[in-house]
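I'd like to ask some things about the structure below.
Each chain carries a letter (A, B, C, D and E) given by its place in the written order, and its residues are counted from 1.
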């Protein structure tokens, strides 16, 4: 609840900060300060919450899980602001508005992690989505950006329509929007409810860009201003997954019901993994590769969604953190480069060793190499799926895909270390390097002691 | 099947539509007469006594004028525009309570066409459609003046609709109902709403002017800038429909204001007269019409008194003044009502 | 009227909307089709609300509140969407989504 | 404590090395590997006096949510492999002491990190920890090969990396599955060997583990990365790869496959042995026709490893014992061979056997050592290779005489290609290039003498080595 | 079915029946008038008559070209604020039952409303003189 309130207010503050403060550097500082306040407010709720969870007006349920996830989302955004905040100026004039929109997205994410009725789920998804349409089109000078925006908008609102139809059908079948009540009545499932669940699964797959509903993702991520792609592909996507996992684990449980959607989602997961990984192999642009990699990573997070056990919740938290931080880091480095293709990274190790070594750590994390956070993230989601028992075929697929993912992730490392070339970068100041090192340190710390995060659940 | 009910409604609908048209026709006459009086000249005086047949002559002329549809216009939309404007104008009268109930041969007959519980929403919904008539007409004409006028009109109408809606909310907080009939009946004992909602009424009044494209907000028809505005390309009865629609809207606005703020068909001391209810009802209807005619006169009075706004002034008035004022009015009303209900 | 009629109507409307989105090329029309989908859902929700209210559920009004929220969100989407479409139109003088394949490699 | 030191010394030294300049990296590498060897020897004595000593163990909390602990320990096999690692790294550092590497700090740093990873693999007693070290040993080697390797190094190393990574991910799935089967949800070795896995599960789990280990060894048909990788890697890294890293696969089978999935291993032992024997014959045949000396040794390594992997699955004590002894001996021998190759390459800059010849005349030192080490590699009696091969063959004989017969062909083929190589390199017609060969320098001489010493000592007196591994052998046989 | 009670009670769909009737009447009136005037009026079409009127000068280009963005902006803002106003209606009707709690909630809502409103004013979205 605190996270929701503080992020929403922060958004308003940023809106007005732009009117009152002319200096863009100062706007960034204000954004970081209010974000820190939101972060603190979120954690402060932990002390008042006690052991259990608290429901507000039957609409929002705050739990340790939600607070932890919000902390991760806010923390990742903090890293994002610190690393890439100054890149906002390159996109356009309205820096404060971009910050405000990001805060509103965060409000949506905090709602996604706390909703307890389908109404709030819908609102959360929309509050997350609509600012993104605008961020995608923020670069008004380039036609690619506005096209990305339009594409995203049309696809996004289309999936919203499908989501709503799903919700309406479920309501028609059960007579309630309340997640807990839905779970209670899940025994008596009828066709109407099943159609609703399928539609909701489709719509949410759309939002988290799972195959075969992923086709908008590469174009949109490629066309959007890079700095916003970085946010959209990470924190926002994690928010989508939280909504996904909370609704499917919270509401659609029951022996028969779970089996019904589990198979559907398992197929979606397998498709996502295969398509995401295999297509990423053929990309020449790192930005596009990361877009496909985000699809591939979505496949892994879906593993958590279809597994109904504690590993899944732990895994999604860890995955959200590991994936977001690492990807934000890579994007932050990429923004500093002149050329976004793999060749643009050639020889980075010689010209900018700090950037190269931190990027290597981020890439290893994405590939799931031990001692980075990504390893335990993958570990937990795999463990969740293995524990599910009947999904071993999916686990094997996932593992093979993970091996393939090493192929394209390591192309970045190969380019940086083993290829000849002089990677051209912008001027890089010490503060940026320091932030990168801190971020990489976080990745490694989580890679050695994942318990640091998990103990809060 | 209750045929009497249907017959009764048919009679009522025909009556209301006829009266609307007649009032609209004579409003044109009234307008010119009022202009004449204000500007110290005669006004129409040739056709009939005091020019009373002038509206009929004008109407007849419109029927027999040549119908011109410009070559590069969109034919279908060109016809649809005025038709829509007219239909919308005719539809708003459906929920206005024209009077209390009459008892004829043991049957209770309501002088309201449809007493629905969301009357105000209905009016808002239907009135919002009115802007389409203007938009379509202006766009279909494919004329730069028309297009500009229709866009202006649309912007103006939607801008003032906000303040209008907000000002009504304060009223609704007091009445607690969306049914026009109930709102009117509540004023029977408690006094007219205008006493409690003077600011709300003022905002509503100003917004009504803007909604009806009346001076000082008649920028959509500003002859000096736009050669007559959105209906520049229209002729014959299609032009007539636009003009009629405007006057009918004025009529309905007046009726609405009278009903919402001035007690509708109520007149002072009506309960203490002790006459036959039917007579009281008829007197009530007459009272309503007197109020309506007063507002119509007021519309005309303003037209010939106040000059036209500039467009930026108009928008600033709407957004920067009317909306905050209406919000403040709403909040103050809310606080007052709650304070009083708790004090009791 | 039985609730099935409403369900049928809104499903038909919804399907028209979906087909429109999938088949039309004009961004505005796609957009309108999406609105049609949303309104089909609104209709369905109201119908279900009535159905459950008749069945004795006291909280059935919640579905109508849901409709309000859908309207509001749809309005927000309209605001964002129209702005985007205007921007596109000013850039390319067209709202045909077929010409927008610059992003395809 | 000693075990932790064994990991920490190369780890810390490696990290420090990255920041050093000039000859600092060399010195530090040498010092660190010496220290490691000293600690290993210390551990060896500790083990001989008291195998259960606390100094050899560490049990620290790591991820309580998962039931994973930071558990290290040493048994005879682990200690033996640690010893091999320590010796090998010391020898490698001595041999390359007078070589100049570009960015030497990174080179030595990565070498030391890989040493830390390897020791971790050999000492981990927690499955998750084992997995982590397993991967960690790979990463520095990947960078070493890609940065300092031959012309085609990038695709080749990449293939190597992806192969091993894919294999280890499969193993991860297996680990998770077994972990979930354990009643207390723990990754500890004790829980893993407690027999919680049902026979049906063991049957398919076997393959998840076997593929991972087979890729590392490598066993036919998972070997395709290996010759290329050996050829393209810088020779010091090839030594690490062939001398120690392949032992990770064998070690993995003995430590984590046989005791954990005994029924699975029993079920599939025929297939595993057949694959291994096919590998022996196949690799030997290819080795015969190789003209590239590095590839020849690479294929010979496949053949030798094939025999060891066949011996593991023979399900009897001799086979296992022989294989363990051979792990050490093969490591020493093949590193010896690579050192000779490195020396020749350093002098002549060629790899093609046909361009060599007559080195014996100009560099008799090289020739002598090459002959000795080659003979040990074939497994001639009185060299260290003999005892291991003898035990393995007798194990295989007990298992199935036909398997032994076919595998025995490998010995003959090995003699053919090894002697052929020796003949072509040191005897035969000298040419303009080979005439320039200079004989051994001091550091090379020291290393080769050390290796020859080990070969001969263990050839005459293998008992200490057999005793060292006997505890492990018995343990495995008990559960098997 | 068409009993007094059904038709007069305010909560059934039948209360809307008279509105349908009025719609039919209005449609009929407009349609008949349109058709009638179509036949009544003279028809002497010339190309000048059918040309678009531009104050007597030569017609230039098409009228349907982009107009000032301000109008779009107004429309979009209307859509946004109008739906916010929609929320006031159910509140206003239930306002007395909700008491002060509802009022405070509404104050928060109005505060957000005002935030947006002030923001667009300050951003100059409604500044027409430029």
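As a working rule, a contact is a pair of C-beta atoms (placed from the backbone, for glycine too) under 8 Å apart; a residue touches a chain by one contact, two chains touch by 3 or more.
Just so you know, these numbers come straight off a predicted model, no measurement behind them.
Novice: Tell me which chains count as touching both chain A and chain B.
Specialist: Neighbours common to chain A and chain B are E.
Novice: Looking at CA centres, what chain is most distant from chain B?
Specialist: Of all chains, D has its centre farthest from that of chain B.
Novice: Count the C-beta pairs in contact for B-E and for A-C, then report the pair with the higher count.
Specialist: Most C-beta pairs in contact, of the two: B-E.
Novice: Determine the chain that sits nearest the middle of the structure, using the mean of its CA atoms as its centre.
Specialist: A
Novice: Whole-Å distance, chain B centre to chain C centre, using C-alpha means?
Specialist: 33
Novice: Averaged over CA atoms, how far is the centre of chain A from the centre of chain E? Could you give it in whole Å?
Specialist: Chain centres of chain A and chain E, defined by C-alpha means, are spaced 40 Å apart.
Novice: Which whole number of Å gives the spacing of the CA centres of chain C and chain E?
Specialist: Comparing mean C-alpha positions, chain E is 20 Å from chain C.
Novice: Centroid of chain B to centroid of chain D, CA atoms only: how many Å?
Specialist: Between these chains, centre-to-centre, one finds 95 Å.
Novice: At least two other chains touched by the same residue of chain E: list those residues.
Specialist: Residue numbers touching two or more other chains: 75, 82.
Novice: Taking each residue of chain D in turn, which ones touch at least two of the other chains?
Specialist: none
Novice: Mind listing each pair of touching chains for me?
Specialist: A-C, A-D, A-E, B-E, C-E
Novice: Quick one: which bits of chain A touch chain D in the complex? Just the residue numbers, please.
Specialist: Result: residues 314, 364, 367-371, 375-376, 379, 382-383, 386-387, 392, 395-396, 399-400, 402-404, 406-407, 410, 414, 417-418, 449-451, 454-455 of chain A touch chain D.
Novice: Which residues, counting only chain E, touch chain B once they are in their complex?
Specialist: 1-4, 7-8, 10-11, 15-19, 21-23, 25-27, 29-31, 33-34, 36-38, 40-45, 47, 49-55, 62-64, 67, 71, 74-75, 78, 81-82, 85, 88-89, 92-93, 95-96, 99-100, 103, 106-107, 110, 113-114, 117, 121, 126-129
Novice: If you look only at chain E, which of its residues touch chain A in the complex?
Specialist: Listed in rising order, the residues of chain E that touch chain A are 112, 115, 118-119, 122-123.
Novice: In their shared complex, at which residues does chain A touch chain C?
Specialist: Spelled out, the residues of chain A in touch with chain C are 119, 122-123, 126, 130, 133-134, 137, 140, 143-144, 146-151, 153-154, 157-158, 160-162, 164-165, 167-169, 171-172, 175-177, 219, 222-223.
Novice: Over in the complex, which chain E residues touch chain C? Could you list them?
Specialist: My answer: residues 66, 69, 72, 75-77, 79-80, 82-84, 86-87, 90.
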